[in-house]
Amino acid sequence: MTSTDTAETRASALHERDHTCRALGIRLDGATPGHAQVRMTVADTMDNGLGTTHGGYLFLLADAAFSFAANTYAPVAVAQAAHVTFLAPVAAGDELVATATERARRGLTGVYDVTVTRDGEPVAEFRGHSVLLPGRTR
Amino acid sequence: MTSTDTAETRASALHERDHTCRALGIRLDGATPGHAQVRMTVADTMDNGLGTTHGGYLFLLADAAFSFAANTYAPVAVAQAAHVTFLAPVAAGDELVATATERARRGLTGVYDVTVTRDGEPVAEFRGHSVLLPGRTR
Amino acid sequence: MTSTDTAETRASALHERDHTCRALGIRLDGATPGHAQVRMTVADTMDNGLGTTHGGYLFLLADAAFSFAANTYAPVAVAQAAHVTFLAPVAAGDELVATATERARRGLTGVYDVTVTRDGEPVAEFRGHSVLLPGRTR
Amino acid sequence: MTSTDTAETRASALHERDHTCRALGIRLDGATPGHAQVRMTVADTMDNGLGTTHGGYLFLLADAAFSFAANTYAPVAVAQAAHVTFLAPVAAGDELVATATERARRGLTGVYDVTVTRDGEPVAEFRGHSVLLPGRTR
């Protein structure tokens, strides 16, 4: 079993147990060590009072990609902090893709960048910091 | 009508039109100029694959408080960027309260701090940056 | 020796070895466990090309307060990430005070908030994340 | 005169008036619309009390690249907020290069990413948010 097989297996297992992904229709496109991609079609129950999609759902999608990427290895990694920049408004019906890339790992901490795109154009940029929970493998 | 009446009226109108708040059961406790408080009981459809609440929902709740606080005045304000720090894990059944406070307004931009608490203890700290959309009042 | 004595002693020792603080005239007002305060008078060599103080110096002052606060205990803590918001422009001759407060410590990581003020008014807000280096006490 | 000539001219003029760049030996490698690169050799007066370079100087260098990139067009842009992640420690004598790239511009606000490298390896990642000052061209 290669490390890519393991990465895909670990991310898939996490995705399958994820109630939020099931409830929101977040699919896992794939994962390799330190990387993951997810996608979601925006529902109209995700609108805010201004008629656009709530930024919280863009964050959530990016955060899911981040979590899958950070958990392509053992032990379990959890989010510690994140920064998000909203680049363009999003609306119900849009299909969003979030692609997470590992920027650094040092000791127990990791840094991941996630770009959320619609039709290939960035709508949000996310940077997440993870911390490992030593001794917990899943 | 005082500015507090107007703030409450504006935030309430925004909350009523907000499909996400309705779908997730996010209630608006109140709003005064530059401030707003919301609350939500965590559902088990908000779990991630690690058995805790998805951080995206903590962000979303904080972001909602931020948006209501930033829209206690005209014109309409939208989120431009935000930073969130996760302080403690959260689980289904927990009641979360998010309290937003304005830190600064200059020209078209504003800065808001939001603390998310459970039983009075902080579980997340959020800092959001807003930008006004001149000419759009709602 | 109380924990406050130790905190003050640890922060002072770190401050004394700090070449940057000496070069820029950053003074340590005091430290208690998880807290520290520093101050600096802005020099005209800190100007940017727009005639105001370079934001990097506001960050640096806040980061110094953060580092002293995070090192009021052993083992050594280093900065991992930080977010800064600039609230008002600063000019040469201004005296700035940076006050750091611990928001959370969990495992090897910590969160600190720093407010930079001039005449009691905030000019910058900083949030720093630290990570401990186990086994290194100074 | 092309827009690249103008960008280079605007960034150079800003760099020449910048007292901090002169005091710290920060050189401007070049600028094109929305992009700029600067470099600096770390001095031993930039050390903190732990024997490494103060993170504030890494931030400052990234912030300088950000400011030059954001001011390759009129009107004047100022920093509103920034997030920095420290990836590796830096020491006196290291030569650092900071490269700023525009990620988005909308209305009065802009988003810039800056990577700080040493020998081609990233030591810090910076994301800055700017706001334009309408009516002020330099």
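Letters are used for the chains, namely A, B, C and D, taken in the order the chains are written, and counting of residues starts over at 1 for each.
The rule is short, and it goes like this: a contact is a pair of C-beta atoms (placed from the backbone, for glycine too) under 8 Å apart; a residue touches a chain by one contact, two chains touch by 3 or more.
As the structure is a prediction and not an experimental result, all values here were calculated from the model.
K.L.:
Write down the chain pair with more C-beta contact pairs when A-D is set against C-D.
P.N.:
Output for the comparison: C-D.
K.L.:
Please identify the chain with the largest separation between its CA centroid and the CA centroid of chain C.
P.N.:
A
K.L.:
In angstrom, rounded to a whole number, how far apart do the mean CA points of chain A and chain C lie?
P.N.:
So the centre of chain A lies 33 Å away from the centre of chain C.
K.L.:
Taking each chain's centre as its mean C-alpha position, how far apart are chain A and chain D in Å?
P.N.:
29
K.L.:
Taking each chain's centre as its mean C-alpha position, how far apart are chain C and chain D in Å?
P.N.:
22
K.L.:
Which chain D residues reach two or more other chains?
P.N.:
Counting only residues that touch two or more other chains, chain D contributes 80-81, 83, 85, 111, 129.
K.L.:
Okay, in this complex, where on chain B does chain D touch?
P.N.:
Residues 80-81, 83, 107-109, 111, 129, 131 of chain B touch chain D in their complex.
K.L.:
Please name which positions on chain D make contact with chain A in the complex.
P.N.:
Counting only chain D, the residues touching chain A are 83, 85, 87-88, 103-104, 106, 111, 113, 122, 125, 127, 129.
K.L.:
Spell out the part of chain D that touches chain C in their complex, as residue ranges.
P.N.:
13-23, 44-52, 54-57, 59-61, 63-64, 67, 76, 78-86, 89
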